[in-house]
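Across the two complexes that follow, chain A remains constant while its partner is chain B and subsequently chain C.
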Partner chain A sequence: MKAVGARLPRYDGVAHVTGRTQYVDDVRVPNMLWAKALRSPVHHAAITGLDTAKAEKIKGVHAIVTWQDVPKLVYGHLEALGIPADEPLLAKDDVRYKGQPIALVAAEDEETALEAVAAIDLDLEERPALFDIRKAADPDAPTIHQWGNWYPHFENEMDVRQIRKGDIDRAFDQADTIVKGVYRPAAIEHVPLEPQTALVVPEPSSRLTIYSCTQALYFSMGVVAAHLEVPLNRLKFVGGTVGGGFGGKVDTATETISALAALKSGRPVKWRWTREEEFLCSSTRAPWHMEIADAVTKDGWILGRKMLTLHDSGAYARFSPYGLTKHSFHHTGAYTIPNLHFDGYVVFTNRVPTTAMRGFGVTSVSFATELHVTRVAEVLGIDPFELRLKNANRIADTSPNGVSYTDPSTVPTILAIADAIGHELPADYRTMTRDSRAGELLPEHLVAQVGEVDH
Partner chain B sequence: MPSLTVNGVAVEVESAGLHTLLHVLREELGITSPKAGCQQGGCGACTVLVDGEPRRSCLIPVAAVDGASITTVEGLGTPERLSVVQAAFHERYGSQCGFCTPGFLLATYALLERSPRAGRAEIEEALAGHVCRCTGYVKIIEAVEAALRGEVAAGTEPTEAVTA
Partner chain C sequence: MARHRGRGISAIEYPTGMNQNGDPSQAWIKIKPDGRVDVFSGTSDIGNGSKTIQSQIVAETLGVPYDWITYDNSNTDSSPVCTGTFASRATFVAGNAVLKAAADAKRKLLEIAAKELEIAPDDLEVVEGEVVAKGAPQKKIGVPDVAAAATWVHGELITGTGAQLKPYAAIVDPETGRVDAPPHSAISYAACAAEVEVDDETGEVTVERLWQCFDVGRAINPTLVEGQIQGGALMGLGLGVLEECYPYYPSADHRGGEFGSYLAPGIKGLPAVDTIVIENPSTDGPYGAKGISEMANNPQPPAIAAAVYDAIGVWVTELPITPERVLRALERKDDGPRREGKWVIFDDELSVNTVAHADSRFRFPLGV
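Here is the complex of A and B:
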């Protein structure tokens, strides 16, 4: 145990404080071109014309890449998990969010690339846009995605992520009170200090060297190889130095299109987003809409939970079906509720596609659950610490998706918080542990959910 | 043609005068510690010292600093011999992803020169124009306080990392 509890120097600390850490933008190669993107100026439209002829004639422009240059245009970030593809690398027939990339220009410098972007002729037929997930199912809502307004490909082609556990009707029949709440955390932009940047160098061996700021290097390698229809051994990824990501650099945002521009021009190409592009066009944490109804007893047991979640996926699916699934597995937070009825939808809107951010899909429901548990305590007139401690996950309790907890930290964490803020608890609460339920902590309604734990 | 002294070395600038100092440092001179974080003066990652004062190199046309002396992090110290400010940020964990670190280092260096006995409020004021998204600023302020109080010595050999 040389490391636990010791103050160790960061392996990259000296490089950081001497300015020697090499981020993608710091890599220097000869003959490098700079790239700029033509992005959709509107939220939702049909593309009726795209002509790059004028832009290509501008002095200093070496390549313009559009959908016609992509070997495999539509690929899904989660195809490996059986989630079908829905997002074109560069827009072809439709644009579904403002800022969606349509073309990439590689030129001698950024100014020339921008001039060429402005010279591309783009004709759009604007369509009505949808921004509010609560209106996605309205009869007059615009249809904004080729699959409809919500994701239809959960297991067995269901359009909803469901969890059913225990006997929800019995729980609501037996309840003394039903406590309801609606929780709506907003989108959050990750704002890493390092904007999205890629540098792609075509090598004489016909390989591509790709300098990437991705948080998911091998994943990005697979995405690039799939779009380019090349074997992985044609790609050399150089990464691992990320100037902040927080989940926002899990999506493969720049590498693939830059690679196509490098192949087409035969020159190294760097594509570095501006801060404005980061804010307007990069993925965000999703906005969520969560409705909770808990069946509770007057002595503070939560017998059952009904929950409806709408997850704003933005214009394409990307990782959202996975994020919602994680959300559903965690939808009781740090508490054990034996009877569950959960419905969750991945809803499409004309916003930027949403993605991971620090606890993908889980932070939203932890936020909702903690507020809701406090609300239950207020309705019942019970100390919120005591209500939490009673219902807290214990060893052998089972999660919404039936996993037995082996090491839940809820009870010691709540006790530590109470201690830290000087919140007084009765002796029988102060001495609680995370051990398996027994006696008064194992009332009739929790017996059936207790699972087997392998130690 | 503007001339500059960068980290003690005299240079003649070839880029046109309206190019930013950031562009000249990074793209012409290959000095990459100032970062293009926002290129709008909002994040502080491109900060350099212009005649000792912390300035945003992304907002300064190079012609406007003709004849000036420019200091970047490359001019503060070396891996073998860290300056006080660098040693403090390293030893007190004032850096996570590292992208904002050069700007914080130079702001701290200028503070140390100007006001070596600065208190908490003055430290916060000196760092107010710098954004860090990783650390939450607590470790950064602790590092600055360590540098100001002389708790960390310049030139300290970086300790060996422990391998299990």
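Here is the complex of A and C:
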């Protein structure tokens, strides 16, 4: 009996397929209140007035929380990694995207909460919005973020994520051909079947029990503890079984605001987003803008790459600087390209903030680099399998940031696909391995590449 | 008007673990008086199967049946830190934590068994729920009996703890992006081929078939790995030809707020998928495993776009490849790239150098 490698049944499979798995919205507790949010109706505005007095008088309303109720209003999810805080939990002076939460009402039922949301007086002074990341650095672009229109806090307070490797000018001089293209994958929604939902129960012990759909119990607990300025023993997160996340539930979207409403009302509070809120107000995968120019020889070696990436962060930074850094580390895809010049910017827009999603930072560059390599092969008149195998990363080649590849499987996976679809290859390609290049297999332009930072 | 078939390929890589690391996972284990095993881990199961995978790793490491394992990730009072289920880290990073916890519990189990059998712990192993003397298999004691002896005879609790942390890999040079340690736990690789049919009258792209090969290091559970790859293919299809939050990006208008106005892929849209799993074990993943969960939706979009070119001879470089984009590309089919010296320049109309103000900081360094 071996457990590893066995086709054992999914641990919770029967519960899932018989509808007996308990998700956050299945949990009901006595005296529970229901919450609804007041959200920005416009893309960009100054808040000139916010008055909840009338809404508070509605029968059945128990608490309305605004920015004034948050102990630490502005907190950054990745402050520990050096990304400073920029996003208020509830909007105070400005709204920077349509759907941004401004207040949360906790009431006896969702209908009453909605009635109270409609009764909150909100005065806005609308401002011009920015949507096209390519125009964010134009002299006449509206300024939309307190830091400017792009992220200025990479190491050494640089406003650009750079990769520089080898001698890019020499590579472009030596090239027979230079192929340039532009690649733009779209923003998409995570579409979890379970929308964002939280239930917060204030316990007699003064602890808060937080039923959460987070993908990261401890990470989200840290976010809530920071906003509320409480030690971790005041909080108990309950969860671990999530109805789809795909990255969107790394955002701590509902827990903290619901906790504030529970503390203010002294009652359990459940806040569950509608499907429409999930589509329109939750974070999305980022749209990206990527331009690549590859310097190539006529026989298919990629000598160098220049790349410019603009990452549409939406209204706030969240995880985007992390995502762009990861993107830069992988911008040559599965190939060894010895001479590199990469510039990447995290650009703010008046869009719902973008966040992690399956393949974060790399899905974009996989699309760009792969379609571009296909184009290079087409321009040169070379078989796209052969061009890929030739430039494939091999053991002891180095990555864009100088790390030695220990176990790359680019060659074996490409050969397996060629085999599967019956694509014929010349013998010297068919017998290629992932082993370190040596002797005549090591072309002059790759000599300086082998083995820099060991595993 | 006609339907055209085409094929395209892609080859991709993706890291396991948070970029630059620094993302701990921890676990602990206790053994009940009848030898059944309770595992406490903070890893959220988002449908990726981490409860199953981590239970299998514990069963394998302890040498007991899978159905002896109870897995609890339900709350932060009883479970220790797991940074989270993202960065394809639940199998590799959190899996290493439960593996270490199980190895620790096994060490204590063997110490109790050694007292019962009067054989040194190093000379014992656990085989299918029994502690057996190496080289003398007739000398043995069941794990349930060891656990009972620990509880009722020796006054001991058999537990194990484990933690996995690869320290943060700083960027040592922000000018060049150089690091001084690998900024990942492992890298996984995959290749893909797509076959499409394109209707040049309606612009519709139908993905007929996908071939996908993933090097997973080691398939802890082959069924779940294949499920990840096939589920990922469906999401890659969404990225490639269906989904977009802003249909007229960069405009923010016309967002779809319901399933009827946002084209998410459904299970019936899954084309024929050939899944090839190869196993080149990673050096320090649990049983050689790597993480492939996220990258499973990365190879399809470029393979589909390449297949569209193969079918109708136009490059669609904005996703998704909607009928509108296909038809607009066909209208411009004869334009071709701009050639200047040895430069072959595609997509000029999309470039910042065309769209942005001449004084913008965002310029592509053409150097032509």
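Here, the second predicted complex is superposed on the first by the 445 of 455 C-alpha atoms of A that agree within 3 Å, B and C clash if a C-alpha of one lies under 4 Å from a C-alpha of the other, contacts with A are read in each partner's own complex, and residues count from 1 in each chain.
Operating definition for what follows: a contact is a pair of C-beta atoms (placed from the backbone, for glycine too) under 8 Å apart; a residue touches a chain by one contact, two chains touch by 3 or more.
Owing to the predicted nature of the structure, the values given are computational and were not obtained by experimental measurement.
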item	value
Partner chain in contact with A:Arg10 - chain B first, chain C second, else both or neither	both
Which of chain B and chain C A:Arg272 touches, first, second, both or neither	first
Contacts of A:Pro195 with chain B and chain C, given as first, second, both or neither	first
Touching partner for A:Gly181 - first (chain B), second (chain C), both, neither	second
Which of chain B and chain C A:Tyr345 touches, first, second, both or neither	second
Residue contacts with chain A in the superposition, chain B compared against chain C	C
Touched partner set for A:Tyr405, first chain B, second chain C, both or neither	second
First, second, both or neither for A:Gly19, with chain B first and chain C second	first
First (chain B), second (chain C), both or neither touched by A:Arg28	first
Contacts of A:Tyr218 with chain B and chain C, given as first, second, both or neither	second
Chain C-contacting residues of chain A that also contact chain B	2-3, 6, 8-12, 191, 242-246, 275
Complex contact set, residues of chain B against chain A	30, 32-33, 35-40, 42-43, 45, 72-74, 76-79, 82, 86-87, 89-91, 93, 95, 97-102, 105, 131-134, 158-162, 164
Chain B-touching residues of chain A, taken from the complex the two chains share	2-3, 6, 8-23, 25-26, 28, 190-195, 242-246, 272, 274-275
